[in-house]
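Here it is, the structure, as structure tokens.
Lettered A, B, C and D in written order, each chain numbered from 1.
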């Protein structure tokens, strides 16, 4: 079993992606492009769109890079049809093969279809093994390819096959599937990854990882998928299938804290508002004195505003983000590598000079970025830097699709609170409590596994790895 | 004379650029790349760097596109030497010829040199005409090429030639010049365009349009150039030449309002602070009731914070900027073109819904963007949108290097206040007074020509055009 | 059955590719690049290389475009290991999906492998259908993916699986397969597609579609694969498995006539020599009088020389090929499209003016190119143009991997000899007889199905299409 | 004077280019693209086109790379107008600055124009020096920029300025000039570089370095320019100005031997025919016995055919050129660098094995390529390789625009005949005599300076260098 783990766990572990789908619009591929553009923050390394007309052939185009690098007008024109699904992908270097870029196409005599997903199926290695024994071949390591196989080997109608496949899956997943008769959206039984439905003005529908994509396509939000639900959209409208009743809603806390766009609303809670409320909550217990509050842009701005409101100090723009960073082709030498943070962020000396600063950030993973920002602020003249994190310490790997995979990568799992404070060079450091997070934004249904190790599913082979790491 | 105007005024009129220089550092070209990167917001259409060693040959590389598109490590390696100057360029489509991309090189038996600039020389057409009669040829339309010619035709030492050339110039300009003995920086007699000097840790110097570039190269700010000053930096340090005493310091107000990066400090005034103070000043006269204050990102965030502080309402992030806009290769159809603003900006419904909103912006040029943002906010549920502009109405063309060249392009020159308010769909609209701007950020030395038509130099042929336009 | 045909026959039908493999060389990926470069004429639309070390993981990189567009040094460096296979691909537009680009990777717990091929399996639709019923999914339409599935569903050792798979295949194929223990090469039971083995100087081996690739990697030709043979190369050397004895050697005549590089030797016959001999044979029956002999470059040069030798007339370079054609990005308007042939070929007026010309070409497919070349020659002053084709008329579609798929595309299947002569504007036209071709280059074992409809395998669903087309 | 030389002679010395012009055609820029495409062999490193309408503004676009890399339909569309000139450029690495890419534009109040050229003006350094003293600035090192300056400083009509400028020039040059009233073509007083005129079907005209460009634009050859002639083409047709009567026609021998395309005719002599005749002449004095004749493709094919005809041996295609070489992005390591020739050329073993070979080539410059080809042939089994060169030994640098600039680069200037034969590994080696070349193709008016040091112009500073090199 160990060999299996080594080969597979080194791969798909670190994934966060965005999915989008359109049913029944004359510009399906083009709208998918715009929708995916609003989801670009969920994955910048590859993108793809599959499109078709009712009864027609599915065409698919995909490639590595940002959406705007993969697609142009000519390519969009090769994707005709009123229905489409699309994907933006994040991946670690070793899973950056073209075979993992989605949507995954299945070209069959009976029922061609395309699949894209966000999340991570924790029993994927076991299911793949089982399928391989049956004679299935895997070209890549994506869970979309796994779902495609699962559907193909099951018997019954297409809906039944999806149902049967989903019942076998453990873990976090949101799928979109395109056939030439319908599009499908699927959400795992814990609802760990977000996916919702909106209505288009001319009568069609769209589905998306985040609601921020609806604005650009003029979609009107209908509802989030339920945990354990399969939604089919066809010419007769929306059909709902609950593939399991064994559901327990546990939305990924990191979506609110870090991943999602602030203008998205997930399961009724606006992300910006959640972040501001968490900043407020964090401030309530504050007893350190300081002069100003600044947030690390962009993800911590909302929290910093909340913190400042609550504590009654001015919210200041003490760190400026350079919007032209993107892909800097000039490869820094070792000496130049340190310029990295400085190219992305600048401290505004006129603001922080001589000030005691609350520096609000969303989380600390490896600690090196926090260390450099504290240094920037001090060099710019801040007399004290008090780091406040709007989430709890990250102490457990995530197996549900977030890029925090081993204990070694999580500095809070390795250092004590005081060691960490010293490491990043802060004058003081405070995190939220685990319970505080959900409370602050008004939900009890959060997955906080990465903060407390309470996984809401079985972990299969990953559990063994976890144990062996702990015992190191 | 009319023919002359038509041919030339249609071109270089609309220019805002960034200049940078390094003297005496082993990584001169590489540091210039990093410095220009911090100035990328001043010009995204072309970039160039020229470098040399003391006594050596000057090498130059330039091209169209963002800095990271023009340069890579291999190219930087072809620019050896301890001294360098660089340029990032903004241009309108019709002056986007390769001949205008800077630095402009002069390759001569006696004294090769390279020139880059920011600004606009208003008597350039007359000076070019004069030089052409002498036999000079112009390959492009940039003022750098003009300065190169002026230096070449003058007699005396290189410094004397620069002095004589600058005395002939009217208008706004900041130049950097590279020879294989020194670098020079020049500022016009009104100081209309910013340029300052910093000291490098190992003993060298750098010059830059904005101080935000010093952080990335570890430069320590020394001082701004004085109006009418030529600075020469060589192995003996900084030499200052005042080429004229007829100076009247008049810093471009738009640098503070819109162009410069908030972490830059121009002539002692931090840009972020200036903007915040202008927001405060604007709020002081406010008598409308509203619920929240939001700024149009990124340039109006500082002003919005100031406005909110002063008026005592919450500053909210009601508009989110998509950081992946960049160059969207997919060319929108007419129908899709309207998605433009939506791809760049989203209104956060959970924040603005049911709220009366103060929407703070820096300026209104054509009015179409303001109109679309107001619409975004209303669609997101804002009940009232009160637009507050942290500058006065733009009613006069700028001939000093800013892209507002004709009355027709300035909606405030064409519509009454009420018409404009109606055009953009706001519930109310208020600008600052002209005097308020400088007062708010603590200076009387601002050029406000674009707001009041009080040009601080003669306008030459541009004056005639202005008259003829007015009489239309 | 008709639907099946429509969906599938419209795709992989038109394919000619090149395969290459290296076993046991420290520069396996790099040598594969060079080897594939020599095979670039066999496919310019996509390329890929998979590489591994003994016992190690297989890495694979592939993309669309010429080899030099897909690969660079950095990418080759991501393909370490002593063993590799590679592929260059030709495809029609509608099968140009990334899923068909090869090698096809199978990533499995037990035995990962990579496959690339040249040829066409005529019972692929039936085999795919059968596999789909079992639960296999096909992402693309390539025969390599089919072989991968066939291997996976069979039982036994890897060699046994290949043997069993090959026994099910009908048609033309040459495969290379890479595992982390060995490379395999396979040739169909008629030997329709060429593949041979060479020895590397340091002890390793290589396999290639054509022998012209051995020179660049310093490989020494060992032998061609036999019809129906599977060769395995591992640390113990070359192992041979004859998967069937029901073989009948039938080399594709078009390889000699058109596809292969003249410096390749296929099954003991050098291609250039074969072409020259065919030119000689064609000349023997000549009774028309003319002044000079010219060949259509590049593929007909050898034949033209042979023709000229035999008939005793001077061989002249009356047509010049422009070596800079490549990819002309400027898209011609309808009017400009006619410049196409002129950009590629020029007639040398000083040579053909006033002359009666024998114009030697290898084949006539649609007739339009021939027509334009005749016109070029006449415009350049040729008084008579006698077209002589060094092969028989193409009257039947090929289902073995050559791009002549329907009767409609074959002008000789639609027009009489005289009509064709008139269509191309020639003063006379003569083809070879079918039997003459093999006789002229000294072999009786040629597949001439495209010239006489004598297919050497069953055609399955393609046979039905053929019938239905004939009856149209 | 030495410094001057060092700086300038290291640059523009090595240039061979192609020029093209169109007057009065609705597709002027597009036709220029096609015309330049036929001249692409004269320069692959940069390309540019300038176009305008009568009385209109001149637009110009230029960039580095092959024509098809620099231009596309959108760019051609930005070059409207009925008149155009274009340029393809060869350059050595150190003069590959964007400032040297042509056409060079002069944007002036009175008379804008564009200039492109082929050749080298030997007194350029002196003229530049003189102009710089007057105050002119040079941005690059091209002779086109020099001509532009010379025109600008002269007085009189535009024609008179050109005449006066040309009278000052010594050396080899062919210019095309575009104004918005006419196009001009100029040829030096020795006619060292080719340029001719053709008539377009709809009434316009074109000019071109070589006649091979006329076919693609349907131009009908009118005549070559005379030595010392300036041709102006405007709405009234062709006007001729003889700017000097001190002419002595001396066409560059290397154009016939190597540079020009075989389907071009220069001053009445077809290039292919000239090469064949030189092959015949070389064979006449042959007394070595051999079996076959092969040419080094592409440039020596014509000569090899002539040699074979005369000597009565079969002309064989013993060397095959790979048409996919182009730009191989994979950078060879030292070991891989030797693959260079093998990637470009293959010896056909079945042809040369056991044969005594006459290997015909056009010239020997550094000797390294010849050495590798001889080696290829011997490895392929040739028993003897007798190298026959269809030109005399290159012993003197060329200052008229050909890339043979120093004695050190010319192996025939450094080694004796026997040493050279041994160096390249040939069994025997024979060149033509200097006089034989012109005689063989029927002209006495060849510049053979590179073969005999008889320069037809004064050499100015280059003469001093020549002397100092000789004395080394």
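Basically, contacts are C-beta pairs under 8 Å (C-beta built on N, C-alpha and C of every residue); 3 or more make two chains touch, one makes a residue touch a chain.
Labels paired with UniProt names: A, B, C, D = Amidophosphoribosyltransferase.
Fair warning: this is a prediction, and the values are worked out from it, not measured in the lab.
Peer 1: If you average the Cα atoms of chain A and of chain C to get two centres, how far apart are those centres in Å?
Peer 2: 46
Peer 1: Taking the mean of the C-alpha atoms as each chain's centre, how many Å separate chain B from chain C?
Peer 2: 59
Peer 1: I'd like to verify one number: the distance from the centre of chain C to the centre of chain D, where each centre is the average of its C-alpha atoms, in whole angstrom.
Peer 2: 38
Peer 1: What are the residues of chain C that contact at least two other chains?
Peer 2: If we look for residues of chain C contacting two or more partner chains, we find none.
Peer 1: Please classify the inter-chain touch graph. Allowed labels: line, ring, star, complete, other.
Peer 2: ring
Peer 1: What are the touching chain pairs in this one?
Peer 2: The set of touching chain pairs is A-B, A-C, B-D, C-D.
Peer 1: Contact residues on chain D for chain B in the complex?
Peer 2: Touching chain B: residues 3-4, 7-8, 57, 60, 62-63, 97-99, 101, 104-110, 125, 128-129, 132, 134-141, 148-149, 152-153 of chain D.
Peer 1: Which residues of chain C touch chain D once you look at their complex with the stated criterion?
Peer 2: Residues in contact with chain D: 30, 33-34, 37-38, 40-41, 44, 66-69, 71-73, 76, 212, 215-216, 261-263, 265, 270, 272-273, 298, 301-302, 305, 309, 314-317, 320, 322-324, 326-331, 336, 339, 342-343, 346-351.
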